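A short write-up of the structure that comes next.
We call the chains A, B, C, D, E and F, going by the order they appear; numbering starts again at 1 in every chain.
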C-alpha cells in the first residue's frame, strides 16, 4: 500500500488547527504533522489535560485526517545553540525566562523531554525537530578552528541530548532530527559524527528532508542508502539553485524570496529535488511512514501551491516491484 | 611592463624574514608582502623605532626584493567579530588583554589605525586585511534572522571602521579588505552592501583573492569588472571543488587537507581558478600593482609548490594589446 | 487573480477570425491577440469604419474572448530594414507601392502610426510589433563594421521611431517591440542601446518572448528583472537547441523543421524555456497582462499542440505569495 | 491519425494471455505484441493448428485489442551465440536437445524460419527478435581481438541469417532486430556493419528500442534518422544512468534493481530517454506502426507502472504538422 | 616529419614585410603566409614584375623563412557580397572604382583570378581567402527567407566562382576558402551545399580554421573527418565563449575586445579550441602542409602572444604512430 | 623524496631489452618495469639460469636503471578465461600445448607461480598481471545471468588463484592485479567482490592504472582511497572519451585508433585522467613505489610521446606537505 501523504502545519501556524485541517482535508491530504507552536499542539497543555489531547484528535477525526508525528523544531534548536536575541522570538516567555543562555538551554532540554512524554500520551511514535549546535557558527575555519574545538561541540551535543534520548527510549518514542545547516548534522559526514557522538542511541534518528541537501550538492539518495533504518519521518520539500556568478550558496545575507539569493525554497516539484530516485530508495529501505509536505515558497500563493504539491507527490508515490522478472519468464531484453 | 610578482609571507611565519627572503629571492620572486605577525613586520616596533623599519628594508634590499603592502588579517578580524577563545590564539597578549570582547575589539581597532601609520612610515601604500563581522555567524537564517538584524551588522561595521578609514585617508594609505567568508563582505552583493555602509569611503578597497570565490561559485571576473577601481592588491591563490554527493560546500566541519571536504585550497594552477580571464580583466581596469602569491596547500610540499606557482603566474602575466587590429589593416577574418 | 491566457492569431491567418475564435474558445482560451494581417484586424478598415471595429468585437464577444493587444510585426519590420524582395511578400500592394526602399519605409512608418490610432479606437492599450534594423545584417563584423557604423544604425532607429512613438503617446497606446534577432534589439545589451537611442521614450516597451532568447543563451529572467516596468505584453513561445557538432546556432541556412538546424521553435513546454522562473519574475515585477501563446512548431499538428500548450501554461500561471512566512510563525526550517 | 499503443507481453509471461489481455484492455491499451514464449504465442502450435491461431485472435478480439507483431527474442538469440548453460534456461527441451552448441544453433535457426511462417499465418507482418552474436563476448579487445576475428563474426551472422531472411521475404514478413548489446548490432556503427554483412537484405530491419541506447550514450534520434526506412516496430522502454564514481556502465556484474549498478531499466518516462525528439523523428521518417510498451522496472510495481507509462506515451504521441507556416501567412516571428 | 609552423601576416600589415619577417624569424617561425594587402604581397606588381616577386623571396630567404600560401580575404569577400560602404575600406581605389556594386564584384573576381596567376608565378600552390555571400545577411529567416532564396544565393556563388576556379585549375593552384560566418560556407551543412553548388570543383577546398567553429558549437574534428582531402591550409587561431546570460553568440553588436561580447578571438591556447584532437585528425587525413598561426587577440600584446602561441603549437604538433601495437607484441592491457 | 618514474616495456617488446633500456635512459627514466614476454624477462630462463638473471641486471645497470616489478599479463589472463583462439596468440607453444582449455589454464597457473619464484630470484617484490575471468563475457545479463552464475565465477577465481597467492606469500612477493575490464575485477564493486572471494589474501593487491577507469566513469581517487594499502604498483596511462552520439562506451567492435570508437588510449596527459588528485591521494595513502608509464597511443609516434609523458608526470610528481599551516602561524585566510 502506498505511503500516506501529510501536511506539516508549521508554515500554517497563523491559522487555527481547525482551519488548517479543513483546508488540508478539502485538498485531499491523508494526515497532518502537528507543529508544537501556534495552537496546533501545545506540549504543556497536553501533559496537563486529557481533554486537550482529545480535542486535537476530535479536530483531526472530524476532517478524516491521521497524525503520525509532532514537531519541535523551535525548542529543540535552543538545546545546544549559543543563545542570542533571535532565539527569544521563537520561544515562549516561560522558556526564555531571563534569557541567560545556559538557563534557556536547560529549560528547552526539559521541554523536549516533555515533548516525548506528550507524544506518547497523544499516541504518535515520532517527534521531529532540531538539536541546535554549539559549533555551527565556526564552520568556516577562520579564526582557525581546530578539530579539538569541533570535537568539543559534538561532545556538548552528546552531553545534552543523551539524557533526552533516554527519556524518548523510555517512552517508546523516536526523536527525528531534520538534518539541516545550523544543526549538529547537516550532511553525511556530520551525520556520521553525530551518531558516533551519541553512540548510535536507539532513540535517535532522522526526519529526511531533501530540500536541505540540494543546495549543499549532497545526493539525497546517498543519505537514505546509508541511514535508511534510522529514517523515522520524511519531509517533502524542495529547493532550487539560482547561482548567477555574483551570489553564493551562502545566500549573501539576503532574505528568502530575494531573486539575488544563490538558492531558495520552492514548492515541491518546482525545485532541483528529483523525487523518483528518492521514492525508489525509500522503497528499498522499507520506509512505510508518511510523506509529509512541508510547504514553503516565498514566490507562490500557498493555497495554489499546497494542492499542486500534493498531486505531484501522490503521482510519484509508487510501490516496489513484487515480481522477479527473470524468475517469471526467464528472459530479458 | 608586466606586473611584479610577490610572495605573501603569512604562511611562512614559522621562518624568519631573512629565511623567507632568501628562499623567495632564489626562486625568482620580485617582492614580498609582509605579514604583521611572526617577526616579519611588527607594527609596534615600526612606530617606535626608525632602526626597525630600516632593518626590514635592509633584508629586502639584500635579496633584491620590493615590498608593496603589509597585511593585518589577524588583528583586523577582531575589530567586528563576536570574540571567542579562537581569537585569543591569533592575538598578542597585549591585544587580548583580559579577553573582554568589547575591549578586544577596541584595542584591535586602535592597532589597525597604528598599522596605517606604520605603513606610511615604512613607505608602502596599502594594508591588506580582514574586518571581522558581527553577523557572519547568522548567515543561514535559522533561527530567523531578519534584515533588521543584518542591517545592524553592517551599521556596526560602519561605526567601527569609518574612524579607522579616516586615519588611513589622513596617512595616504589604503585599506584593502580580502573579500572572504567570515568577513563583512564575501560575495558581490555583500561587497556592495559593505561599500554602501561606509558611504564608499575613499580609503576602503579590496585585496582581490579569487580563491575565496571559486567554491562559492562566484565568477571572479564579475568582481573585477564591478569594483576594479578599488582593487589595491591581488592575491594569487587557488581553490578546488571536490564535491562527492556526500559532503558540502560548507566543508562538513572537516579540516583542510581532509579529502572528504567539499572544497580545499590548492597551489595556484592546481585548482578551479582560471587565470587568463582574470589577467585580461585586471588589464582592462588598469591594475598595475603586484600579483602576490599566497601559497597554501595542505597536500603539497611548499618548497616544491611555491616556485611552481611562480612559474605558472609568470607565464600568465601578459600585458594588454597596444594595437587596434581593425585600424591597422582594415581587415578581420 | 491569475493572468488571462490568450492565443496570438498570427500563425492562424489562413483561417478567418471567426474560425480561429471558435477553436480558441472551445479549447478554453480567455483572449485573442489579433494579427494585423489576414482578415483578423485590418488597420485601414478600422480607421475608416466604426462598423468594422464593432464586427471584430462581435466575433470576440460571441465566443466570450477578450482582446488586450493587436500586432503589427510585418509592417513594423519595414520601417528600418534595408528593403529587399522578401519584404514585398509581407506587405500589401498599397504599402509596397513601387518598392523603392525609402518610400516603403516611410509608408510603413505612417501605417504604424495609424495602427496606434486604430488600437485606440478598438480599445486596446498595446500594439506589439517589430522595428526592423538597418544594421542587423552587419552583426558579424566582417567586412569590418565600426562602432560608428553601429551608432548610425541606432540613430536611424531613433530618427524613424521617435515620431511614431510620439503618436502612440498622444493616443495613450504603447508600442511593444518583440525583442528578436533581425530587430534593433535582440539581447540585453542591444535593448539597453535601443532604449538609450530613443531616450527612454515612455511609449516604447517590450513584448517579452523568451523563445528568441533561448537559442541565444540569454537568461529570460535577466531581461524581466532589468526591463520589467516596460513589459507590456508576454508571448508564450518555446525554442529548443539541437546542436550536433555539425550545425550552428546560426541555423545553417536550413528551413524551420529541418532536423539538421541548430535550433527550432517548438510547442510551449517542449523546448528549453523554463516557465517557472519566468512566472516568478513576472510576479515580482507586477506584470498582470495576458500570457499570449504564439504557437509555432513545424513538427507538430497545431490542433494537437495549441490546447496542450494552453493546459501547460494554465498550470504554471501561479500567483505570488501573500504570506510572510517568518512573520506568521516566527520559525523556518 | 496517431499511432496505436501496445503492450509487449514478454514481461508478463507468468500470466496467461487472457489475463494479460484483460489487464491491458482495462488500462486502455490498443494492442498486444505477443511473446513467443509462455502460452502467449506458440509457434509450433500455430503451424499445426488453425484453431490455435483462431484462439489467439478470439482472446484479442474479446478485449478489443489489435496485434501488429510477435516476438522471438529467446530463440533468435541462440542462432549465433556461443551456447552455454544460460541458454538452456531460455529454450524448450525440444530446441535444447542434447545441448551440443552447433545443434542448438541450427534447430533455433529453423525455428525462426517457422516463426516467419507462423506470423504469416497469424496475419502479422513483423517478427521482432534477437540474433545472437559469436563476437559479442570479444568486445573489449583483450586478449587482442583482430578485425579479422570481428569480420569472421559478421560473416557468421550473414551465413546463418541470410537463409532465414530469405524465408521471411518469401512469406512477406519482416524480421526486426532489437538493436541491443549482446546482439550482432548494438550501436550505429555495428548496425551499419550488420546491414553490410547481409547486403541490406530487404527482410531485415529493426525494432527500435531507445532504452538500449541511453546507457551507451547513443542519441536515439541519430538511429532513426539513419535507419528510418527499416524501422518495423518501436518499443517504448526506458533506461537510466546511475553512475556514482564507483560503478560502471558495464554494470559491475550486479543484478537489475541493485542500486549500485551504473544503469538500470525504469518505467517509461522515469529514465533518460527523451520521447519528444523521438516522436518528431518517427513522424519525419513516416513510421506509422505501433508504439509497444516493453515494461520492465525492478523498482516499481508493474500494475502501477504500466498504466502510468501508457498515459505518458499517449500524451507524447503527437502527429506531424500539416501546415506550412510560412506559406499560410507569409510571416514568421 | 612534423609540419612547418608559419605566421599569417594579415594582422601585421601595419609593419613592412621585412619587419614582420625579422620578428617571426627571431621567434622561431618556419614560414610566413603572406597577406595580399599592405606591402606584403601585391598581386598587380607580382604579375607585372619578376623583380618584385624576387624581392619577396629575398626577404624570406634572408630570414630563412618558407612560404606555402598567399591570402586574398579582402578581395575575395567582394566577389559575392552585396557591396556597401564597409567594402570600400578594404579595397584599393582601383578595385572600388565608382563603387557600383556589380562593377566592384566583377573587378574583384578578375583580381582573384590574377591572384591565382600570381601565386603560380610566386611558386606557392595555395591561395587562401573568402568568397563573400549574397545570402549571408538573410540567415535568420525574417522576413521569411525561402529555400528558393537560399538556392539562388548558392547559384550566384557557383556562377561567379566556377570561372575563377577554372583559372586556378589551369594554373595548378588551389583556392582555400576559410569557412567562416559571412561566407558562403560557415558550418558543415553549408560547406556541403557550397561544394554541391560548384559540383565539387577540384580547385576548390578549404583553409581549416577552428576559431570560427568554436563559438558556433561545431566540432572542428567533424569538419576534418568529412572534408580532409580538401584541406589545403590550416590556421591556428582560437576563440572563446564568454556567455553571461545577458549577451549572445550573435555578439550584441559589440566590438572585439569588449568583455560583454558573447565570444571573442584569443591567442591560440587561451580559448576553447582543443588542439590535440585536431592534430590527430590532421594526421589521419594525411595533412602535411603548414600550421599557420593567425594571431589576433584584443586583450593581449601581440609581441607577447605570438611567440607563446608558437611554443604552444610546436609542442602539440606531434606525428602519427608508426607502430601497430598489437602486431608488435600481441598483447594489450 | 619523489617517487621514481619507470617505463613499462610491454609496448616495446618488438625491441630488445637493450634497445629499450638505451632509449629510456636517454629520455631520463629512472626504471623499467619488465614484461615477461619478448626477450625482456623470460621466467623459464630466469629460474634455470643465474647468468640470465644477471644479464638482465647488467643491461639495467649499464643504463643506470632500476627495476621494481615484472609483469605477467598474458599468462595471468589464461588462468581463469574461457580459452579461445585469441589466447593462442599470446602464449608460447609450451603453455598453449594442445589448446585444451583446462590444460591451458592449469599450465598458466603453474607458470604464474613460477613467475613469483623468478621475481624473488630477480629481486623484485611485485609481479603485475591479469587474472582472467570465467564470467567477464556474461557481463551484460542476456541470456539471463543469475547471481548464482556470477558467484560461481568468483568462486572459480578463488579456487584457481588462492594456491597461486600462497606461493607468492611464501616467496615474499606480491601479485598486483591491474583492475581492468576482461578481468575478475574491473571497478570498485567487483574489486570488493574479488577481495572477498579470496578472503583478503595478503599476497593479493593491485596495479593501479587509471586509464581503465576513465571510460567506465569511475573516479580513480575513490579506488585509491578504498584500496590504498593494497596498491603495489602504479601505471601512468591515459584514456579519453570520444562519444559522438553514434558510438558507445562498448567500443563498437572497432579497433584502437579508429576515430569512431567511443574511447581510446592516449599518451599520458592527453586524456581525461586528472593526475593532480591522483598524486595527492597516493601521497595520502603513503604509496612510495614507482610511477610506471605504460605508453600506448595509436595516434602518436611513441618516440615523440614517451619523453613527453615522462616530462608531464615528472612535473606532477609532487610530495606531501610537511607543514601544518595552522600550527605554524595560527592564521588562515
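Keep this in mind: a contact is a pair of C-beta atoms (placed from the backbone, for glycine too) under 8 Å apart; a residue touches a chain by one contact, two chains touch by 3 or more.
Bear in mind the structure is a predicted one, so any value in this text is a computation, not a measurement.
Chain A and chain B touch with mostly matching residues; of the residue numbers seen at this interface, over half occur in both copies. Note: the chain lying farthest from chain D is B, by mean C-alpha position. Annotation: C-E is the more contact-rich of the chain pairs A-C and C-E, by number of C-beta pairs in contact.
Relative to chain E, the chain whose mean Cα position lies farthest away is A.
Here the repeat of A-D among D-F, A-C or A-B is A-C, since over half of its contact pairs match by residue number.
Separating the CA-averaged centres of chain E and chain F is a span of 46 Å.
Separating the CA-averaged centres of chain A and chain E is a span of 63 Å.
Each of the following residues of chain A touches two or more other chains: 74, 89-90, 130, 141-144, 180, 245, 256, 326, 330-333. The part of chain E that touches chain F in the complex is made up of residues 221, 225, 276-277, 280-281, 283-284, 318-323, 325-326, 328-333.
Interface residues of chain A, counted against chain B in their complex, comprise 74, 77, 81, 86-87, 89-90, 130, 135-145, 147, 149-150, 153, 180-182, 186-190, 193, 216-219, 222, 243, 245-256, 260, 262. On the chain B side of its complex with chain F, the touching residues are 10-14, 35, 37-38, 73-74, 89-90, 130, 178, 180, 242, 256-257, 259, 266, 270, 294, 296-302, 304-305, 308.
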